Structure formats: C-alpha cells, structure tokens
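Pasting the structures here.
Across the two complexes that follow, chain A remains constant while its partner is chain B and subsequently chain C.
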Partner chain A sequence: MSVRRALDVTAAAVAFVLFWKLIVVVGNYPVFILPAPEVVAERFVSAWLDGTMEPNAAQTLLEVVLGFALGASAALVAGYALARSRLIERVLSPYLVAAQATPILALAPLLALWFGSGLLSKVVICALIVFFPVAVATMVGLRNVDRRLLEMARSFRATPWQLLWTLELPAAMPGIMGGMRVGVTLAVVGAIIGEWAGGEQGLGVLINLARGSLFDIPLLFATLLTVALLGVVLYLIVALVERRIVGPRG
Partner chain B sequence: MPPVPLPPAPGARPDDRGHTLTSIAIRGVSRSFPTADGRLPVLDAVSFDVPERQIVALIGPNGCGKSTLLRLASGLLRPDDGSIELDGRPVTGPDPRVGFVFQEPRLLPWRDAAANVAYPLELAGWSRERRAQQVQDLLSVIGLREFAATRPHELSGGMRQRLAIARALALGPSVLLLDEPFSALDALTRERFNAELVRLWERTSTTILLVTHSIPEAVYVADRVVVLSPRPGHVVADVVVPLDRAERDANLDMLALGHVAGAIRRHLEGATDDPTREELTAEVGRQRRARQVPIEELGVPAWFDPFGREDDE
Partner chain C sequence: MSDLGPQRRPRPRGRSARAWFVLPAVIALLAAACASPASSTAPGSSSSAPASSAGPAGSLAPSSSAPSSSVAAAGASGTGVSGSVTHLTVGLGYIPSVQFAQFYLAQQAGYYRAAGLDVTFQNKIDPDLVVLVGQGNLDAGIADGTSVIPAVSQGIPIRYIATIYGTFPNIVFAKASSGITTAGDLKGKRIGTPCKCGSSWIMLQALLQSAHLTTSDVQIVEYPDYSQEAAVYRGAVDAATGYTNNEPLQLESQGQKVVVLHVDQTLPLPGPGLISSTQTIATKGAALRAFVAATLRAMRDIEANPQKGFDAALAVVPQLKSQQALQMSILKATIATWQSPYTQAHGLGAIDQAGWQQSVSFMSGLPEHLVPHPVTVSQLVDPSLLPSG
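What follows is the complex of A and B.
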C-alpha cells in the first residue's frame, strides 16, 4: 500500500519535471526567464555544497519555528478566550479581522522599523500571520464541541478544568490541527516577507540577491525550491503530529 | 416481584448485601424554557415517588418533558418550582449516587472502550490501579472484555450502548436514570437488552427511573408505570404492574396486549404528538413556534463566525 503511494507521488513528480522541461524546450526560453529543471537541480546541489544555501535556510527555518511557536501558542489562548466569552469576541474580533485583512506585505516594513532588521521582526511577522488561522480554528473547534458529550461529562461531575482537558481540547483537536496546517505554511511566507522588508540573512534575502546583484536566476529557482521544500516538510511534520494525537475516530 | 410498598424509610441504608439504597422523591416539580415569545412550560407540578430498589417507567407523548424530568432528577437542570430529593435530601447538582444513560451512547470517539468506561473514574480521581480493576470488572459484566482496546466507531450500536451502561455503573451508583436507552436498537436486540437490564438491576441494588416510548418495554421492565400528559407534562396515571418477573419472561408476546398495557394505552390516548387535521389547523402557529424552541441552549449567535457553524444540531 505505502509502496503504491510512493509510486504515485514519484510518478506525479516526474510528470511535473517533464512538463517543465517541455515548456522550456518548446518555448525556447533563455535561462534568465525559465531555466531548465536540470540547470536548477545542478544549481540547487552546488548552492547547498558551497555553503550559499545552508546558513540562509537555517536562518529562515529558525524564524519560522520561533514565529510559529509564538503565534500558535498565543492563538490557542486567544481562541479559548474568544470561544468562552461573547464579550471578548465582540470586542476583539473587529481588530482581529482588520489585522488579518491588512496585507502583511504592507505591515512588514513597519514591523522592521519597530523591531529592527534582526531575528525579532521576522519572528513577530511569522507569529502575526500564524495567529489568525489558529485562533479561529481553536475558537470554532471549542464552540462546536458536541453539547451532548458535555452534558455526559457534567453528569459525572466534571469540573470546568476537567471538561477543558479531557473533553473540549481533545474534541477540538482536529480543527485546531487544521488551523496549524494552514498556519505553518503561512509562517514560511511570513518569514520570506520579513526578510524582504529588511534582513541580512535568510532565503528571502537570497532570493533578492539572486534576482538583483548576483543575477543568478538558477540560484533564484533553487532558493524557491528550498522554500517550497521547507514548507512541505513543516506541513508534513504538523500532519504527522496531528495523526499521532488525533488518531482514528471514525 | 410485588411492588415495593410506599413510602420508603428516609435516609440511605444498606440492603442485606451491604449495598446502599436510594429513593427518589419528585415533589411538585415545574420547569419551563425560555423561547422567543415567552417561556414555554414543559413540566407542570409533577409529583411521584420512586421507592428504593424499584423500577419506574416514565411514558408519555413526545415533548411532554420526560427527558427534562430525568435531567432534573440527575441535577443537570434545576426545577423552577418544587424539588427533587434523593433519600430526603434535595438534589442541587449532578450527584455521585446517580448514573445516567443517555439516548445515544455519547462515547468519546478518541478513547477506546476501556478508557471510555474509565472516564467517570478519572474524573472522580481514582488511582490508575483501581481504575484498571474496576474497568475489567465492568467490561466483564457487559461481556465486552475482549473489546477493551477497541474504539467506539468499530463497535456495533448495541455494544456502544452496553459501554454507556457500564460507564454509568462505573462509580457504583444507587440510582440509574435511563433516557430511552434502547430506542436506537432493533426490536430483538431491544428485548434482550431489557432482559439484561432487569438482571443487572437484580445484581446491583439500584433504583431505576426509565424513560421509554414503548408500552411493552415499560410493562416488561417496570414495577410501576407513570404516564405523563402532553406538554406541559403532569402525571395522568400511575399504574402498578402486578406481574412477577418470571411471569413476564414467560409471556413476552402478551405484554403488549395484556390489561396493564391496555390501561396505560387508555391513559395515553389523545396524547399523541401527531395531531388530527382539525387540531393541526387550530394549532399550527403555536406548534411551529414550539418546534423552534432551543430547549437547552440559550446562546445567541454572534456576528463573528467565519465558518458559519454557530448553531449545532
């Protein structure tokens, strides 16, 4: 079964690369518009071997992990508060929605101004972008806990604290993890935007360099590939954690 | 067995096997629920007793407040008026002497069978070892020992309801409240469950209040059958079932037709929730409003709901 799945995934990847190559050949595009897949692959390997990619990728990964951890934890608390109190929801949700509707791209330069061009500003941007989906998922998840289960637990004299830990959180977990899946991929976006707005290191900085002063388009594509892989790996990690703690429920 | 004489001695006392016995006294209980246009009375001055060790079936048309009465008895709801007493002391909240079996199994889908049965024990703070022992015993009683590690979605409906019963028995309650517990089961399984319920009752010294829609079920299981009127529900009849247990088992097919069942049916007549054409015309406006009543939930949806799923059900 898992062999079959691995085969499916490989076949799709091969098809994607062949299609890419086909476009390059048919369109006869120069390397600075669309480099062929083998050119990008070669640059990807060499960039990792000569130490161009690794420190930048490590920096971006650090920003994403810290920002995600900060944003998701804050969102869990906020989601709980929003689910519990109509007052808090009424007072806070306009700001939450407005903050989410303001493009992070427009906020990034301001945040860089406030928090400097170092690690902190990127972590804040990542945290901000992660916050909304996780907070909403937590709120909706906690609100939609089956009332019949709550009544069952209350018939056994569960305290509010016991209700939260033994019933509400486990019941809301699939939804919360769904929010985290969205959040972790957005965190990668946040880190890149933060690095664009000002930074010395990171994959976003490398994209700028490769497009600008280095004018190394294969490196640009190799960096994009790294960003995409980073997102996929982080997503898979969250999905694995989800499978571990949610489990089969039928 | 002959009906236990009324009224019981006040105060909990152990029976000859050392089990605690509890009686239920329902005294002039009224309850209404808020609706868009005023309060909807559901129960109106309901009074009856369930002496210790008796099984009383509560029967009545849909919406007459049977389930509400059970929730009042369990302390999940509070009455507007009147009181409910266990052994002479008013119920003020969920009581450790009471085990509740709901219409649906209400199992936690992320827990296996054993962990579901252990849930009330966890909430009550039992140690791991004591829990494991008690869960083993309970699973044996309901015949699901081999399914201890199975999750609810892999079990049949009957097995799930057995688990719910084991869970209700986990803390050794002296009162069992059952809210149409077998209504989702097929007819034959249901008969078997009723027989098992009686056997369980013989072993556990519990006082049982059972809500049901089925006259044969009531006559088979109960010592007395209390009939409620349509909403707002009040007691219209309190029928003693004068058959001993062996007689009932021998005449399973006759239970639906016997004179006790006939008496109950007469009291229920005109009390269906399916109105005649004339009633429908006259009552349509009121019925429609009544149907929309959120019986247990008073929450008003707020404007902020990105997924538009504020209201369950």
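What follows is the complex of A and C.
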C-alpha cells in the first residue's frame, strides 16, 4: 500500500472518529444513547483483556469460516451447472431468487428449530446467505468467457475438464472472486443473525446480552466494532487471495 | 491494502485532505441539531426495567402494528402539555395482550381522561423500552424490576414508580408426573429456558440457590424460539422456565397436571412495574401520579370483576375472542400475580424496598456481572408517585 493510500485511510478513520465525537459533544448524549469513541475504545480493550470478547469472536469466526466454505463450495458447483445448462437455470432460478428474496432474519428461527441452536444452524444460515452472490457471480463469470477462445480450445480437442481448468475458471475468476468478496461479508451478517436466533456464544449473543440484560451500551458498540473488524479482515483476506490468483484489479 | 472500489481520478491533494475533516464537522453539527435531545440527567441517578420480558402470556398476533389509543382530543399524541390536558406516552411490553387489560380499561373507562391525561400506548420490547424511557422518548413504561437494577447500574436514569406484578411472574414449571415438587428436585434435571439471560435466568439462579444448587448442577437446554413448553410436554426436558400466566395454563389446557415453582418464597425479586425517567418525574410528576392512580383503580376494578378487564382487552385485541376461555384464564392468572403479601399489607402497587435490597444483593453476586456499578434502592425506586406516597 502506498504512503498516499495509507494517509487517505488514516485520514478517513480520523475524520470518522472526530465526526462521532462531535455528535456526542454537540448533542450532549449520555453513554446509554451514544457513547463517545474513547469510551467505546476503553470498553473494547477491557472486553478483550478480561476474556469477554475472545471466546465469542472465536465462535463467530468459526461459524463464518465453516459457513462460507460450505456456501461458497456449493455455490461454485451450482454456478457452473447454471452456466452450462439452460434447463437447470430455468428450473432452479426461480427457487434461488425466491430463497434470496426471503429474509434470512425470518428463516433463522426456523433453522434453529430444525438444526438446533448449536453450530450447525449458524453454519447453514451463513452458507445460505453466501450461496446466492457466489453462485450468480460464478454463473455470470463462466458465461462471459470469450466464445472465440472456447471454440479455439475445442478445435484443439480440449476435454471438458481441460476447458474448465485451463480456460473457463481462470477467465471467470475475477467475477467469482467478486462474488466471494460479497459473500464473505454476508457470512458475518449470517452468523450474527443465527446467533440472535439462539445460541450460547458468539458476537451476536454478546450483542443481545449487552443490550438486553446488561444494558452495557459501550460493550454493545465494542462488539459491533469487533464484528466490523472481522468483516473487514475477512474481506481483505479474500481480496488478497484474489490478488494472488487474478492480479490487481483495475 | 486492497482496493475497496474502482480506481478514482487523482484530485488536488490539499483540498481532498481538508474535506475529510471539514465535511464530517458540518454533517455532525447538522445531525446533532436534528437529533432528539437526550436526557441530561446524571447517569446512575435513576432506573427502570422492561416489561416486554413479562413474556408472551396471552399474546396473540396483533391486528396492526402498535395500538395507539387516545382518550382525549383528537390529534393529541405528543408528550407535551396543552391546556389542562397532559399528554403521556406509555410503553407497554411486546405486543397488545390481555395482560395489559388494566391499561386498556383505564383508557376506555375514562379514568385517564378524568385525571386530565391524554394517554397514548406504544408496544416495545424490553431493552428498547428501558432506553426509550431513560431517554425521555416515552414518559413511562412497564418493565421488569430485574432489568431496572442493571440499567440503573449502567447509568440509565430511570426509576421504578409502581409495582404491577407483586408476585414475580417468572416460574419453573414441570409436569406433575416428573416428580419435581421443590427446587431441590431440580438437581441433575434437564431444564429448558429461552436463553441464559433476562428475568427468567435470574429467577432460575435464585431458585436453584435456595436449594444450595447452581446452574452447573442442572442441564440447561436453550429454546430461543420459546418452545420450552412444547419441550416439557413431549418430555424433551424435565422442567422449564416460563410465566405463571402462560405455559402452565397452556399445558393444563392440554390435560396435563402441572407443578409450578415460584421464587418469591425465597427471594422477593421485583416483578414488572411502571418506570419513568428522573427527568420526566421532575417535569411531569403530577401527571405520572395521576396515571399510576388511574391504572391502580382499573386494576382494582378488574380484580373485582375480571370480565371488565377481558372486555377492555377484547376491544383492543379482537383476536382474543377466538380463545376466550384460555385468554380469560390467562387474565385471571395475571390478576393473581398483582398481589403479594407486601401489597396486601401496603396497598396495590406498593414497592417492597426491602425486597429490592435483597434482589440487588443477589444480582450483584451473579456471574453475569449484572450490577457493575453499585446502586442503592433509593436510586432504583421512587414510591412518591404512589397514591399512598
């Protein structure tokens, strides 16, 4: 990252914190309405040091990683099938769109009922929320492969596997990785929703506890900050993988 | 750092950097100017608790969003004072339900209007209600006493001004065939509960402590979808937490004999009651006093004639008619929780301050750190708004 970019990012962060602080000062908000950034920062540090945050963050991270792996894997297969078969697309597309249009928030309690309030239901929710963007990105990416290249490869009697591995996947990878970027941040949202619907541990559970039982609003904000950082870090990891595979964007 | 968006055209550096700081400042000033002013009361000087956690007893799907009924002049829905009428916005828990019959009756019978009040009800979930009352967006609300203690400890400026549930409504229930008759019998048993949080979790810990047990002596099974009643019915758990005016009645309606364990005999935890903010008490104390008196009057009416309460609730929640017998039994069970030995001696709505002190001591020792900052009973309750106060 260039010095200029680092400066921009730092300036944006500083501006955000100043903006936040200014609202608190000008509005004269008490801690239970909007805690000041330094109060949240203090609670963030204390929650990590006293062991409040770590096990919950680890649980959410586990759910996100497993759910993303499951959802993205299934979406890659489904995206390939959708790209290759008009019949499959015609048959499955309405269900995929309908599933995407159904709020996961409404489905989460049902999934908790069917799969229990343990790890499995959270993984399923994450997988469901990840599936659609990755599947669509895969389908679109594969369909946009240059037909002339495909015809040329076929003229050299490339097998379907060779076509996929040496031509289609590399060509579709920028699109697929774009879907992965969206998917991994949605997976964090899915894990939190799953934990809201029931669970013993996780950042979503901690949000509920901080808000509903403890009335510890700085802890609520500190947990939200952790969730946001988790999303950003995962996004950057996917972006890094993308850069290694595809090269820099733009 | 990786790109987060498309490449942008380079801009003059100085202007860009200044914009990062100037623009947020302008937006912040506008936002703060537009935002509703927060209570300026010093944190820790008052308290409140949510009533929505009083459970889904008698709850039916609401016919609309939040019932908003006003007895006074049309258009009077704010929280200010106009002429001789004082507007009050009161938060009731969860969704419209037969358990709020006293508020509906006081409204429909004109008790509030006669007291110079224009009352609007809003239904809120528990944590929202506590914060909204503390913030002053609601003038009063019904909230769990066990939520008031952590809320005040965290600096939310609310006070508990009248007891509605003199008997703590959260209970442990089991089928009579389970053999459970005392708290000690829970040892080693599977106990269903929605979550390890809230008033039910506090009650369970108090109940277990009365038998020298802790939650590690039982097997906790969570039912976040509140399906613990069904779990007891089908034997998936031996007992479960619930509400005295809900799950036991539902089980009995299915022909089951039910055992109910109350915590009150060992620890008089404060049940749901009316809360208000210290600022609202200071500015609208007379109106709140009138509101409490009118509500208590309706409670006495319903105690004398439950049908009056049911009819008032039916006017707000017409769906009650489809389960008339069950809903009436829920109302009767609710009425039974309004009184306790303390309220019978000191009057309906009276606040048992010694019980509050015991509850603060108990909750301060719980592993959840519910009381991070010390609180006194005088910071939690304000009995001065009761008719006898």
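Just so it is clear, the second predicted complex is superposed on the first by the 246 of 250 C-alpha atoms of A that agree within 3 Å, B and C clash if a C-alpha of one lies under 4 Å from a C-alpha of the other, contacts with A are read in each partner's own complex, and residues count from 1 in each chain.
Convention: a contact is a pair of C-beta atoms (placed from the backbone, for glycine too) under 8 Å apart; a residue touches a chain by one contact, two chains touch by 3 or more.
From a predicted model like this one, the values you see are computed outputs, not experimental measurements.
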item: Touched partner set for A:Gly247, first chain B, second chain C, both or neither; value: first
item: Partner chain in contact with A:Val77 - chain B first, chain C second, else both or neither; value: neither
item: Partner chain(s) touched by A:Ser93 [first = chain B, second = chain C, both, neither]; value: first
item: Touched partner set for A:Asn208, first chain B, second chain C, both or neither; value: second
item: Contacts of A:Leu167 with chain B and chain C, given as first, second, both or neither; value: first
item: Which superposed partner A:Leu49 touches (first chain B, second chain C, both, neither); value: neither
item: Comparing the two partners chain B and chain C, which touches a greater set of residues in chain A; value: C
item: Touched partner set for A:Leu105, first chain B, second chain C, both or neither; value: neither
item: Which of chain B and chain C A:Val233 touches, first, second, both or neither; value: neither
item: On chain A, positions contacted by chain B and by chain C; value: 248-250
item: In the complex with chain C, residue positions of chain A that touch it; value: 1, 5-9, 11-12, 14-16, 18-20, 22-23, 26-34, 109, 112-113, 117, 197-200, 208-209, 211-217, 236, 239-240, 242-243, 248-250
item: Contacting residues of chain A [partner chain B, same complex]; value: 86, 89-90, 93, 97, 136, 140, 143-144, 146-149, 151-158, 162, 166-167, 170-171, 173, 246-250
item: Touching residues (chain side chain B, partner chain A) in the complex; value: 74, 76, 93-94, 96, 98, 100, 102, 104, 106, 108-110, 119-120, 122-124, 151-154, 171, 296-297, 302, 304-307, 309-310, 312
item: Chain C - residues contacting chain A, complex; value: 1-3, 6-7, 16-17, 20-21, 23-25, 27-29, 31-33, 35, 37-41, 43, 126-127, 130-131, 134-135, 147, 150-151, 153-157, 194-198, 201, 222-225, 227, 368-370, 372
